[in-house]
């Protein structure tokens, strides 16, 4: 990647955590410059950001629609836009940029309805653009190693999946004395802002994506129990999954499990071995081959090969964290754009970033889960 | 306990692992002497055992029925019998000893059918005897501490349960090249010998019992998927559980999950905190109270109190293992017998051993699970 | 071992922790019967024990000297004596039984002075007896596996050793507010009762023994700093070690390190790999071969072979603890006695228990450490 | 920090790992722009870097001396220079920039001789500049929390220190068959390039700094054994330490300990509790208070306060790694510069970055260690 790309950002104003993560991740790649933006709906904050990020005044936009149109017309237009606005706005913003012929990388969830999701996917293909959805965890090198080991047949055929994503930051919502509802948690449990699901939509969908990424297994149907403990939306969910090939799995996600902060943990069991990866300790991969001692692989070592080695930033033993995982997603996304600009064909490996179709699958998964739970955990197919 | 009890054993011949565990566990208590036995259906082996265990010749029986009858008539009869025979024989043997007026401690599962189980329970009450079922894991001090913390309200109301029991010793059954079917595994997957379920019956039932012991929550209904991978009986199961109070949980058990040897792990999530206990590292308990650092409790320390402290054998930091857990079950069981012999009333704490009714619940749980799975994971009530 | 041995015990009265550990360990082996004893210097307690342990009245002795003499003369004399009295009395008691022609297994430390130690060693050989010293940790299967891996060259030549044994139970001795000095801790810091060293004598010596057992490396000289924090004897020690072959190591032991209960941890570094074993989690062995993932070996699995497999009691994944380690020492010790009684020669493997000479080395190690510390950490050779 | 700073870099050409770490760390702070540089002694590479980093041509310098002089004269001169060249060149480069009146942040080690080190320190004060030395590990939030807990008296008085820094990447240097000496390792064991020590100089000094940062304890003297296994310089070292207040500690560092990648682990033992931090899992802090369960603190949680909370970048449970630790050092360093530019006084907290005097202490520590080892581990005072 010798090119230097230009990018724009929608959302990510002062104090917005996720916008900062995206900017830092892109900065780690030293490959793209923030060139345009619509950072906040409040004029002053928007200008403040433009200033702080050294953006030329005429490319700080008060309205994302104007930004999409104007940028789409420029010769030196942004090469992609990064959408980090509230979830309820993803659909319309992404659509505007696609229509303007600009590649998009959007935070997850892609959007709220299956129809919208499929429309964005179709539009991406029609416009011949790249559309990434930030399923962060597939960016971790050890997740890429897990995928490789499965693909290489190291654990045989997958026979069972056990994955979970447990947090505890909404535990006060279910009572217990010292209520301390935060602004953040309130919108999380408001259907207007979160769509039809809170917990499955926010983190359950990460389980689905990470498992699919590693194993290539896509859920055919789910049998889900969502618990809302008297709130409008779910705070906890346990579900049985059947994949397209008939294999079964079990997923649990929660925002009310004390003692778990960001506990995504994925275990893939095969006929010859198993793999376990834990997000809070992401530089390790636990691999067990039948009849052998448990093995702990460490990121960055000589025996780690493939994409996990290519996307290694700092030497083994020096921990990388979440922002590097996001950087890896941008690395592939931006590299794919560069290749296209250079007239090169992108290989499957080049396109190693979560796509709009992964986003569609996520939305379908959320809808099936909610429907199943409403229907007393009846098996419900993903549409 | 100043009394020295006499006990008999049915099963536990040369090479029988579980019989040895029971004898060692009883020996650790230094409170009962093996006095009678019917160790093997093979005459020679039976006599050999009698000799090895220093048992008087006339109390080495070739037939358990004769043993029950004869011992029942003696003045110096055994105070209890320990039944460690193949699972398919538990019912008839236990029944014979109950009829003879002898207390019973039987390995799990109690028996194969719900009718048999309820019959044994009724008979126990009718005869006013003690009947223990060896759900081993409730004997661990840190499981007792978990129970106490829940009872004391330290984690608030239970809102979610996530428990699993994963092993990998039957992984060769599902193919993968180097088949090495053992004698042991063959009977495990034979309905004649294992009853209607292999995996749920063998280890899933331990999950049910351990969770019930700690939380007091009893499953009302289950939605289960059992995987048999072409074998007669299940080798893997994932299931949703609804307890009598409407709270939900998720259980997974397997004998084909590489990298797990005897992986019983129980996590109880409450409105104010959570508890995690892992059988392979049984001397610790992970406790998290809302808004506080994770705490690791160690067995035998000054801050561990209650039954967990009373049933502590060696100082903290010096690991105790499985056999001490079994010894603790015998401790309570034998103490209850002593109290009765001494004319003392047994308190609830005195009766802190898994009873025949726990055994009945286990059988009901297995039957509901199998029925649910046969019925496409439909919610199925425990009878 | 078809024979049933008879054994005697000196010490181990009511409430004595270590005596109970020895009795339980022997009981786990189902191979020896407690036949004689001198359990307490208090007549009543002594008789009470004799009664509790079902010992014939004429073999409950009020005086260990009488016991040694009388037992030595009997035709059905005890095959060995287990000495679990206060440390200050080990020398004279062991000597009495050796003189009476009775095999001895004594708790560590063997005794207090180098002269006494060497005298006991010489006497053992002169009398052609077996003398075990209970360096418990060499009895753990995974320590035996560590020894085997080193012997098999799996980690190449040993190039560095890092071992520690940290406890915190004497932390109140050094002040900090809520003093709660126990009876136990008082004698631990009294030279009359503990000899010239408390911490190094009590636990440092376990480090020395465990490392020597695994690696075959014997300290030639030490450079030690002992900290007593104003007490009479040491509570903490850090030391550099040079082995006979010139390789170096570092040992730390302490009874005042908060957060460590019985933290013996041994790391052996070789030119091709390394091994780590941690007493509080004794069923695992961490093995790293150069350029490969870290491997965690689990006790009882198929890939564990040799003595570690032979001395396996219960299946993998079901934790064994400290008492089984002691049982393994007795297993070898008693087996050696049986072989001798049967006229069989004992191989090196048969003699796989810590001997009186290991006890001598321990005493020399303690003396060198204390002398070095008194001499401002000057390198001090073991005599 | 509203200001945007300009910075220069010496070293950090294509493929230089450490230069990239510094650039990425500064980028994470979004507060300074790379404005000038002398990246490589090779003209072409130097220009290539200037181009890649968007630097104006006249500020890409072929010679660091010219760079120091020219930048020193500019009105829009760089606010600080980041020195990431080979260790042997640190002294002269840093000196040149100090003389030009430019603040310096230099990789460790500061330089090779005590004289040079003290000269740089004096020059810094004389010129009234800021000089940071990149002892990375003090930048981790949980190290800052450790410091705070010690300062707040949570573990009482420090009574013992046990710290280590183990790696294995030079294990091939000591033979073992498959030699694969890398270019990197060769210079590491060449005194011309590494100074008088390899292992202690490279990583031992990090132990010294991290312990001093957390506890405020400075080594008065050391008794060290350095092992070079036939190489010119040390690859392994074990040492006893006495601090200025008479308390003792033990340090181990190695580049040949298989199974350890970047294993800095620090344990601080106090009269009331203890603290443990492990660099490879940097988001946790293990804290044990006397008589209480072990506590695991997690970065980013509500109960973490002080500097550890202020320097938190992403939410708890989402791992931060090494580059964020370096970013934190730059954060404080750059903030101090901004304050000065703004005419504000810097408080002690504002100056929370490793200074030139910490660099001096590191050089003294290395010299004392080498001298002690040459003198048969004699106690050797730091000059």
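Letters A, B, C and D mark the chains as written, and numbering starts fresh at 1 in each.
By our rule, a contact is a pair of C-beta atoms (placed from the backbone, for glycine too) under 8 Å apart; a residue touches a chain by one contact, two chains touch by 3 or more.
These numbers were taken from a predicted model, which means no experiment stands behind them.
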Query raised in the report: Through how few touching steps can chain B be joined to chain D?
Result: 1
Report task. Would you kindly say which chain has the C-alpha centre located farthest from the C-alpha centre of chain D? Result -> B
Requested in this report: Round to the nearest whole Å and give the separation of the Cα centres of chain A and chain C.
Outcome: 55
Query raised in the report: chain A to chain B: how many Å between their CA centres?
Result: 43
Query - Whole-Å gap separating chain A and chain D, where each centre is the average of the chain's CA atoms - result: 34
Query raised in the report: Residues of chain B that touch two or more other chains: which are they?
Result: 260, 287, 294, 298, 301
Query raised in the report: Quick one: in the complex, what on chain C touches chain A?
Result: 287, 291-298, 301-303
Report task. In the complex, go through chain D and note every residue touching chain C. Result -> 155-156, 159-160, 162, 164, 168, 171-172, 174-177, 223, 225, 227, 229, 236, 238-240, 242, 248-250, 252, 254, 256-260, 267, 269-274, 276, 286-290, 294, 376-377, 379
Requested in this report: Would you mind writing out the residues of chain B in touch with chain C in their complex?
Outcome: 4, 17, 20-21, 23-24, 27-28, 30, 33, 52-54, 167, 260-263, 279-283, 298, 300-301, 313-324
